[in-house]
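Each of the next two complexes has chain A plus one other chain: chain B in the first, chain C in the second.
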Partner chain A sequence: MDICVCVKRVPGTGSTILLTDDGMNVDTRHLGFTIGPHEECAVEEAVQIVTAHGGSVTVLTAGPPEAEEQLRYALSLGADRGVLIDTGPEELDAEQTASALTQAIRQLESGGSRFDMLLFGNESADASHYQVGIRVACALELPMVGGVKGIQIDEAAGTLDLRRDAAGGIEVYRTPLPAAVAVAEGLNLPRYPSMRGRLRAMKARLDTVEVQLEPGGLRKRGLRRPAEQGSQTVMLGTGPEAADAVADVLEELGVV
Partner chain B sequence: MTVLAIVEHDGGVPTAGSLQAVAVAAQVGGTGSAEAVAFGPGAELLRPRLVTAGVARLHVLEHDLLDDYSPETWGESLAQLVGQLRPDGVVAAGTDRGNELMAQAAARAGLPFAANCVAVDGGTGTSPAWQLTRARVGGLLYEDADLTASVKMLSLAAGVEVATAPSAADSHELPVEVFTPELPADFAYSRVVERAGHTTGVTLATAPVVVSGGRGVASAEGFAPLEELAELVGGAVGCSRVATNNGWRPHSDQVGQTGTRIAPDLYIACGISGATQHWVGCMNAKAILAINTDPEAPMVTRATYAVIGDVQDVLPAVIAAVRRRAGASTGRRPALT
Partner chain C sequence: MSSLPERADVVVIGAGIVGNSIVHHLADRGWRNIVLLDKGPLPDPGGSTGHASNFIFPVDHSKEITALTLDSMRQYEKFGTLTTCGGVEISRTEERDQELLRRMSSATSWGVPAEMISPARVGELVPFVDTSLIRTAFWTPSVAVVDPLQTGALMREHARALGALTVSANTEVLGIDTEEAGTPGTRTVRTVHTDKGDIETDTVVVACGVWSRRIAGMAGASIPLTPAVHQMIDVGPIPELAATGQEIAYPIVRDMDPLMYERQSGADLEVGSYAHRPILHDPDDIPSIAASALSPTQLPFTQEDFDPQLATALELFGPILDREEVGVRHAINGLLSLTPDGSPVLGETPEVRGLWSAAAVWIKEGPGVGRMVAEWMTDGSAEIDLHSADIARFYPNQRAATHVRARASEGFNKTYGIVHPREQWESSRGQRLSPFFARERELGAQFFEVGGWERPHWYESNRHLLEEMQPHAPAPEMLRERPAEWDGRWWSPITNAEHLAMRERAAMIDLSAFAHFDVAGPGALDYVQRMVVAQVDRPVGRIMYTPVLSPGGGFRSDLTVVRLGTRHFRIVTGGADGARDLQWFTTHLPSDGSVTLTDLTSATCTVGLWGPRARDILGELTADDVSHEGFGFGTARWLTVDTVPVLALRISYVGDLGWELHAPFDQGRRLWDAVEEAGRPHGVVPAGIGVYGTTGRLEKGYRLMGAELEAEYDPVEAGLALPKVKDADFVGRDAYLRARGHDPVATLCTLTVDDHHDSGGTRRYPQGGEPILTPDGERIVDRKGRGSYVTSAGSGPSVGRYLLMAYLPPEHAVEGTALTVGYMGERYPVTVARAGRTPLFDPDDERMKR
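Moving on to the complex of A and B:
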């Protein structure tokens, strides 16, 4: 199983989201960057699959050169190879992102060996376009299922069984391999990087790929925070002495 | 103008989100512009409901491969329909399936797609772009954007409020047009092999009260009083991502951006700081009670009610108080402890 996992460098956020002065981006001066939880699960799953079935895990990102940090993080979790598509400091739209990833995957596959599986997060943690993985899969003519919380591989049959939540239950899809899958948190419990993994990742050589980009049809004009209804918190007290006041509230709300 | 609305339905009963999509299609395009698109068996049963919603025409997609949902076959079919009708726009509900279907269709038709819009302005004749606002980070951040395309494809964030179009002449017969897509035999696609319902009971998504715990609960065992209180009030237990990541609770209990978004009557947040990604999952609760040692925690300052204290001290006292009253109100004497 050769697996390619696409991860995105996204801003960390605290209890309120601060914006840059021009309102175009999230202010990251205090909180730095991360990869989204869905993508952490994608990396973890790829590492587990390759541990069980053999093969290799490639992590791929399109972003500024600093996105190297996120590739190294994935390497510290056990990925074998990191590939950066340097697309500069501006946030790409979903069509551009998908085009960049598609071109890069074609280049990585140009030696003749195809990836058996492409893994994506269900949606990116910052832009949440819900589509980059689907666009890549479509361009490469691969079947694609999103929101996946369970992957079972039948190597002999060359198929995947993909479980996801559905209204009021679950549904399982079967796809032929090669295939693309967008996963959701809950698929597994991602490990923390080990010291050895971190050392290895620090020293690893990363590959870079160059692509041609044209803007797509959705253009961001700016970000803003929706008005928050200011609430006045009613303090019910401190410690166990507050219990009666809490019970009053529960009665008032009709829950007891 | 013609704007298509994707109507998800269960045997002819449209989902609430689909009716919002119809309303937005009518609003953006003006009277008589909204046409509906539905898949699968039973779509014709939608006619009476769609006529009252102001829909001018119903397109039904039919093919052997479309009877059960598959993202690729449905997406390819929608792309073919869009290619033939060349509407000005396509609107769907931003459900998991709605977004997946629209992204598939947009990718195949070579069109952009704006997911989870909260406002849409079809603009004037002078500007070819539609101006819209998208929800990011589950609605804690808005993105204003221009959508420029021959066909504008978008989905609506859950809970977008739209005035439903006045049901004009509802007596006319709704014209139905059947569209049969071409799906090549060697088409690579996924197919459903199993469907199962959850066992019934109180679920996180529908419980009237959710008692939720975070890092402040400190361990899996620490959730015992939360479970007891939840049981007592007929509620469910929730948790923060820290609790999930530590293996104290299953991910299905997680509230937030990458967990479940809930809107209970009361959300009790125990030892949860209130990071944005958690807040977005519980902010639609009618009331929030925060129990936290830190009076400055964002969950405390944003909550309706707060108790400052250690969750392991406060909850047992609350449980005892609730039991006392339950005993009193049913005329039973409180159990001796």
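Moving on to the complex of A and C:
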């Protein structure tokens, strides 16, 4: 089972997201970078599948050269190979990202790799366009299911059972391999990198792929922070006199 | 949410361990109407207290830091927030073996139980380490972890229960107003502006950790520190640790050579490092609480800086860390505060009266610092001598951001490093140069720095004296290199040769780092009387050497006062202490304008000219009378030397005939050249501070501020009590009278080392700080609980003995008593050569009084 997981370098923000002075970007001076929680699950799932079924995990990202950090992070979690598409410092829109990833996957496959499964996070943690996975799947003519929180593999049949939440229940899809899957947080509990894993990743050689960047269809006009929703603190009282008011609130919240 | 009062007796900014401790102890000492502010929420407002690793190794080479740490441990214990777990510091190198032996010495000197243990014993204590990597280890059973957040909460509770404290969290300080104080040129605190309202107050304490520089800057004061990163990771879960069911059940390991530590934290092992590159931050660039992913002082981990340390930790703790299921669960670049010299920054700021700094403090010192600063604020002095933590120790050039960053960068990797007591800084040098500097450089001066001044420590041009002085050396080995590299590091036998040449002929010594204050005005006499112990109402032209005491009767300073006129004095003090003394004297100026104090330090240069030929040399350069009759010892006169107007002081710190020649800075070069030229036929040599500060001084039993003289010993013990007590009142008088009223609990003695040979036959030389022990190796402790240790150590080339100074209790402070000194794991026999002030060399001072 060879799996390709696509990840994106995104800022790890605090409770307030600061913007640059021109309002065009998130101010990342004080921030670290990470991959989104959905993608952490995707990497974890891929590593678990390969551990159980054999094969290899390739992690692919399109982004600035610094995105190497995210590839190495995925390698420290157990991925086997990291591939960087250096698209420079400018942020890509969903169309461009999908195009870059598609070209790269084609190149990797023409070089001998053959992916049974493409894994994506359901949406990126910063832009949240919900588009990249489906665009890549369409371009590569692969079946695609999004919002997935459970994956079961029937190797003999060459099929995947994919489960996702739906209003009032769950939906289960069966798809032949190869397939593309966009997963959501809750799929699994991602591991922490081991120290040995981190050292391995530190020394690993990363591959790079060059692609032809095409103009995207989306132009960013600016970012705006929503008005502060000041949290309201209501004093319910002090000492034993507060007990009734606390009980009322708990009842209101449905926890008692 | 408490509303802010409009007025407070004191506003403490910062609710970390330091701020909480200060409000607690201020309340204990009777302060009321205390306001504690923090911009963050409680109990963890987001500063360094909230992310520290919270362990305490009590032993430090610094007596002051160890004392603060031990006091802090007692406080944590009292609050029930201290868990003793023990700690081992391991050595992987031969050099570290020696360093651990030095730490053993310091442990003995400061009275902390500790022992050197074998790798096998380390394996018993911490079963998960690869003992094959360990050469030896230093075991301190009292090492502990503490909970500073809980301690802080209990401290606030304590102050609240006394009705003394208003706490306002989530309150940001926006500005601090000052106004002109009574004394010209000084300002005083008036109002603290916050986003919750304004508070009028006379006293503000900045206990803001990494933000301190910014907050003090609002009032126009500078707190010289910089935020810097210390990296930590948390690795787990480790079943063996989880099985203990405790936060910490195993001793903490300090892996000293790679500059790392490992400690259990529940099921995890916390791995921290001081090995990565210095990563400094600007206080204005620290993110807000809301904009921080974790907290403002837990910045994003920069993995690549830590990677080499991962390998090191894996190597030592392989059995529990080298597992795929044990993950790095938490990793931060934690911010802490670094200062230019590594010490805390405590006390009233020199720029703004009523604005106190309590910053650059580690968890291990926090409660003790709080107690001491509260004492200092209340009584004017603290029980533990804080001179090397005093914010006033920095000259303005040392408070400059450029300097702070340079030294903090250089100092960061010294955190677990092996630092020689004489080690010099490499960065930010050449700040203050005497007019003789160019000449000195031509002479191959080895420059040591104090207060930014470059001072020649010895001159390579004098190397030929090593041969030349042989016939005059009672102990010829003093003119050879020391066989042990450590003993001879930052040292040269040339110093001893320069010393002998001074005693035989004459030496000229650059003393331009002296600080000079000119005090004048109708109130000058009363003012100087109030500041110093000595009677200064003496004839014009007299020089008075005098202690300056703290209100508690300990040493603030020792210095020279010259009476230049009925209403005019000159105060001359050491370069290392000039900035502290300037603040002390300025703070005590009368507010009625009757006295002016002018700092002449940068306007005045000084050449010391001493030796039997000094009078001949000076006599050739001046028409003025410099005979013993015409210019008596202990007096000062204006002379014209060559063309240079000079204030000549006939005193000596090296015990030979001669003068301090104080001259206008711009004419210093002319003075130097004139003395050098006139002195050449007399064999004058340039001599460094090695002679002035160590060899000459020790032979004469002269005391040094910060070594022998400090707040924990009084003038009677130091042998500096004067025959009579003047009628005039002075700071520390009551305590001084009390000290004179009984026999001293300890007496400062000069000891000689009788045999330098270690067990391998190598000659060794203690460097200072080592314990003085009985012949059986028992610690010597006086009735006040103070252990005896070497306050200064150095050669006495003219007496042919290596000399140590130490305070000894009366039963040992008897000349001829045989004792030992502990050094590098061995003991060396010593003898008490002098108890009290009488010098070993020329005890009747005939040489300088002829």
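Here are a few things to note about the model shown:
Following the convention adopted for this analysis, the second predicted complex is superposed on the first by the 226 of 256 C-alpha atoms of A that agree within 3 Å, B and C clash if a C-alpha of one lies under 4 Å from a C-alpha of the other, contacts with A are read in each partner's own complex, and residues count from 1 in each chain.
By our rule, contacts are C-beta pairs under 8 Å (C-beta built on N, C-alpha and C of every residue); 3 or more make two chains touch, one makes a residue touch a chain.
Everything quoted here is computed from the prediction, not taken from an experiment.
By the touch criterion defined above, A:Gly111 reaches neither chain B nor chain C.
In the superposition on chain A, contact of A:Ser15 is made with both chain B and chain C. By the touch criterion defined above, A:Gly32 reaches chain C but does not reach chain B. Within the superposed three-chain model, A:Glu69 lies in touch with chain C and out of touch with chain B [touch as defined at top]. Look at A:Pro89: by the touch rule set out above, it reaches neither chain B nor chain C.
Between chain B and chain C, B touches the greater number of residues of chain A. Of the two partner chains, chain C is the only one touched by A:Arg196; chain B is not. In the superposition on chain A, the residues of chain A touched by chain B in one structure and by chain C in the other are 13-17. Residues of chain A that touch chain B in their complex: 13-17, 26, 36-38, 93-95, 98, 125-131, 134-135, 137-139, 141-147, 161-162, 165-166, 168-176, 179, 184-186, 189-190, 216-226, 231, 233-247, 249-251, 253-256. Against chain A, in their complex, chain B makes its touches with residues 70-72, 75, 96, 99-100, 102-104, 106-108, 111-116, 135-149, 155, 188-198, 208-209, 232-235, 241, 244-245, 247, 250-252, 254, 257-259, 265-266, 273-277, 279, 286-287, 289-290, 298, 300-310, 313-314, 316-318, 320-322, 324-326.
Note for the complex: chain A touches chain C at residues 12-18, 29-33, 69, 72, 191-199, 202. Interface residues of chain C facing chain A in the complex, by the touch rule stated above, are 235, 285-294, 299-301, 303-304, 307, 310-311, 313-314, 321-329.
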